[in-house]
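Note that chain A is present in both complexes that follow, paired respectively with chain B and with chain C.
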Partner chain A sequence: MSRIERTRVDSGDTTSATELNNTYSDYTQAPPGPALDANNTRDQAFDIPHFTNTPIVLNSKESQLGNANMHITAGTITSVTSTTDLAALLDHQIQTAGALATFLDLSAAPWSLVSGDVFRLWWDLSVSPTFVGAPWRSGVVPTPAGLYSVPGMSGGVWNITDGMHCWVMYLEWDITSAALSTWVTVPNQTGFASTFGSDKGGYLHQTAATSTVGAWSVYSEGIATAGEIENPTLYEGHNEHGYYAVSGMWAYPATGTVTVYGVRVKLTGILHPSHLAAGNNENLLLYDINAVGGLSYSSGRISAVHMRGS
Partner chain B sequence: MAYTPPNTFVDGNVLSAGALKANDDALKVYLHEGVVTADLKNTAWVQTRHIQAPILDPITGVQHGVTGIQGSQWDGGALVRCQFGTAFLTGKRYGVTEPTTLENWAAIPQTSFTIGLRKTVPHPTVIFHWWMESNNGPDNGDRTQGAGAYMWVTENIRDSSLGTTNIVPAHAQEVVNNHKAWVTASTGNPPGGPRYPYTLLGYGNMSGTKVYKTGRDISVGLVHWSTIDRSAIINWGIALEVYY
Partner chain C sequence: MKQWTQHEARPAQLVEADQFNDQHREFRGQMTGLDRAQYPADCLTELMIEAGARHKVWTFVPWETGAASTAGEQVAVMESQLNADPGQFRGLTYQLYGSGWTTAFETSLTGFRGGSLLTEWFGNSALQIWWTWTENARQDSVPPGRQADRYVGLRILYNNVVVVERLGPAKAMDCFRIVGESQVPSGDVTVTLQFSIEAAGPDDAITDVGAGAHLLQAHLWGNRVVCVGRWR
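Presenting the complex of A and B:
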């Protein structure tokens, strides 16, 4: 039944049994129903009880990332060092100080996404970059990236850094099997192992699931005058960040069937921004093996939900 | 149930008022309480206008709809633009023992939602998002002029089924005291002050997300545990998603 449009019977009209029966059968749904639709339904007719009882969030899980205690507890710091050889890139899965891998493990009950479903993930980790000396500026040949010579006060020429060195943390997942032996970067995410001439790294446009951690803070203690700066060997302030929290999120709208067995956070560094020298000069993040540092982390969390599309 | 007129009329028979009324009564019953799923057209036709509009609670900043709850708040409204975390509430100037009970932690005011669930079976999924920026110290506290002083922030879910054990210390995020702003500068005496800007050090920028399933009315918000004398929380926001 769609909208009922039947001429009414007025006083004095002649009607028949057929017309009268048709008036009532207008409301009959079977046969040929079911047929009630928008024409028979008032605005705001449907409230909570009318909706399916199938949860919108089909699956959810929360797991520990890194160590299972705050870092004031002994033995709860995991430390890594930066890559110093492009032939042997150092990437690192977030784990405990005892080298027990920590990740979102779905292998026991994998999440099956179908087209239209959405996978949403959040993570955070307390981190502390470390370094010795002033690796952004001195004692290294060839020099680190981001080093610039500028006119200095008192007639000198000083080497300063752009301060853009960073660590990156990015997501990988296993969508192959519960064996968790086939980890790949999530869609639109690089593993920072691509070759660009004599360098290695990744495209910035492939960092959909990347969070960066500044490698250090460097700033001038002196007061610049007329475009000149103080001698950084005397007036440069720099420090390790100390522990702070880095976080990331990622969402994946499924366009086909995908079974997720696990998601993990990887860590690598130290990288520095760059760009292609030709073509579209696309932005890159490249390893800088001449800037050496470390990164320690304590504890964090990784959570995800699987939401149905229909 | 589908509607079936109790009486069918035949030409030449007497039309009685009772038969007409019986058909009308049956139709009245059907239209008021007899429409079932099987009567509805089996192709998509429900439009937004057909769905009950959400109810907005302007005090909590959330709206309740047919598929869940959503809402957000940022800072404390027109009159409250700053909050504080402080070791004077949590009672430690440094710590080597992890605070594991709710009593060890102090709530950060105006960072929580209290919600009443409209549907509890199956358990709705609560997703609580938060972020904040804070100036932490500088505090010339213990441990290398405050280098070992931190503020930790995590979620607190007040759910009667969880009692006082809902805080997970290892899920807390931390930010270090801006101890560099206190130490002796290369020129001048402490505090270093503006010479040592709040870059990342001591300028905490945190964000987190808590995913939680519950069938109870809950309050979810932020708590802190600090060994810094004071942290000024200068910007913050919280957001809530609940899916039935």
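Presenting the complex of A and C:
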């Protein structure tokens, strides 16, 4: 235990600069000297009132995403269409029906993250994927992805779909300036514009801020026995999901100084699973321009907190 | 405010025994340590607080699997390139996985000091949902067969105790979020994240006869996890 013993100076006493300096040194020199340290503090010495305004959460903000309310009527929904040309990928920033961009705007008072801080973000949006006909089916030329063959009950094989076409929503942020003109994908997140042979898409291991939206549901409604099925064009059920809430969560542990001016949600599709046949056989999500669909969305929220990591 | 000095002996002053004892007692109290009454309000700044004294955040974004090529993906069950369907993910197949709770991710949170531990797990899933009706399970019904549910079960465990469990995604492609919180004793905490997929029904095809490949049963990817410990 550090222990400081020096005669106190009382009012009226004579003292000197040396004595004052020595006293000051007692209290300021670094441990293991006799400076005040934890040993000079009793158990339960500190309580909430002793803390200055140093909360765990340093900043928080919430903003509208998409349209202003939940009504599914004209003027309150925004609709997009899927990519049909790999030379012109369609991605879309979440906005109002009037094309006003909606995002988490921090440009007026940017958040400065320092090493050890954590940036946490959540969002949600009411979405409704749409389609016409059966864009997942065989017989369409060219053939959409996701079809596979199983034995038919009356011989031969039938092609059925795995139904795994999807839209993806992912995050971009601007950490350059308050002008909000330099949006980039957040760390460990692809923009789904990489080239893989004759295809385009993104690595599955770069989807740290991705939320997937199923494009449709397709399922068996017929008789199947021991792995053999009836004609799926007659015994295949399918439906749109209707409006439902999709959400996202992302966190960023800062390892250096980063200033965040804004975060936005991007939307693109329609993609389908695949994987590389060479190298590390990485899993992929690739655009399927032969499976066409749309997606409408109404309203949601995006919020974030800036907190101390410890 | 506590009074440290009751009697201050001055030069040439006569000292009584009680006067000395009282002062000595006060000094002993002082030397034992400063208590809360001796500190003014708002005296502790962030720099004075030891890191992790009040809380700690662990982030796994994406979850590290040990290989950059599979970051954020479940790798507990991964079909080989040789057998995986070329038009699907490499992931769980009926040939490699039946059903039951399987650990997707696990880690030890070091430096946990006891108190509240919140875990938030977000991810994406692919799921084979075609076979949601199976005939042979109940052949005497009209029409024959019965529903065969397809969903991704999810749960979070602390030190092998289930904290939260849910029926997860039931769409072919979907995202999910599961959040759990519990009071946990001091010491390193093992956090385990598990999934459970339905097994194939008796009628389900599990092979793409065209490609001669194993069909994807399910896969989890884009997984990120945040744990927040609060103890003060």
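Basically, the second predicted complex is superposed on the first by the 254 of 310 C-alpha atoms of A that agree within 3 Å, B and C clash if a C-alpha of one lies under 4 Å from a C-alpha of the other, contacts with A are read in each partner's own complex, and residues count from 1 in each chain.
The working rule: a contact is a pair of C-beta atoms (placed from the backbone, for glycine too) under 8 Å apart; a residue touches a chain by one contact, two chains touch by 3 or more.
Being a predicted model, the structure only gives us computed values, none of them experimental.
> With the two structures laid over each other on chain A, which partner does A:Y219 touch: chain B (first), chain C (second), both, or neither?
Both partners, chain B and chain C.
> Considering only touches as defined above, state whether A:T41 meets chain B (first), chain C (second), both or neither.
In the superposed model, A:T41 contacts both chain B and chain C.
> For A:M307 in the superposed arrangement: first (chain B), second (chain C), both or neither?
both
> Give one of first, second, both or neither to describe whether A:G98 is in contact with chain B, with chain C, with both, or with none.
neither
> Would you sort A:S247 into first (chain B), second (chain C), both or neither based on which partner it touches?
both
> Which of the two partners, first being chain B and second being chain C, lies in contact with A:S299: first, second, both, or neither?
first
> For A:V118, decide between first (touching chain B), second (touching chain C), both and neither.
The second partner, chain C, only.
> Could you look at A:F51 and tell me whether it touches chain B, chain C, both or neither (first, second, both, neither)?
In the superposed model, A:F51 contacts both chain B and chain C.
> Taking the contacts chain A makes with chain B in one complex and with chain C in the other, which residues are shared?
Residues 36, 41-47, 50-51, 53, 56, 214, 217, 219, 221, 241, 247, 249, 307 of chain A touch both chain B and chain C.
> Applying the document's contact rule, which stretches of chain A touch chain C when the two form their complex?
Per the stated touch rule, the residues are 3, 10, 36, 39-47, 49-54, 56, 116, 118, 120, 145-151, 157, 159-166, 188, 203-208, 210-215, 217-229, 241, 246-253, 272-275, 277, 279-283, 307-310.
> Considering the complex alone, what residue numbers of chain C touch chain A?
So the residues of chain C in touch with chain A come to 8, 31-36, 39-46, 49, 51-52, 54-57, 59, 61-62, 67-73, 81, 84-91, 120, 122, 124-126, 128-136, 144-145, 171-175, 177, 202-211, 213, 215-216, 219, 221-222, 224, 226.
> For the complex, which residues does chain A have touching chain B?
Those in contact with chain B are residues 16-18, 20-21, 24-25, 27-30, 33-38, 41-48, 50-51, 53, 55-57, 60-62, 64, 67-74, 122, 124, 126, 128, 214, 217, 219, 221, 234-235, 237, 239-245, 247, 249, 298-301, 303-305, 307.
> Contact residues on chain B for chain A in the complex?
2-5, 8-11, 13, 15, 23, 27, 30-31, 35, 38-42, 45-47, 49-53, 66-68, 95-98, 118-119, 121-122, 124-125, 127, 147, 150, 152, 168-177, 179-180, 185-187, 195-197, 199-202, 204-211, 213, 243-244
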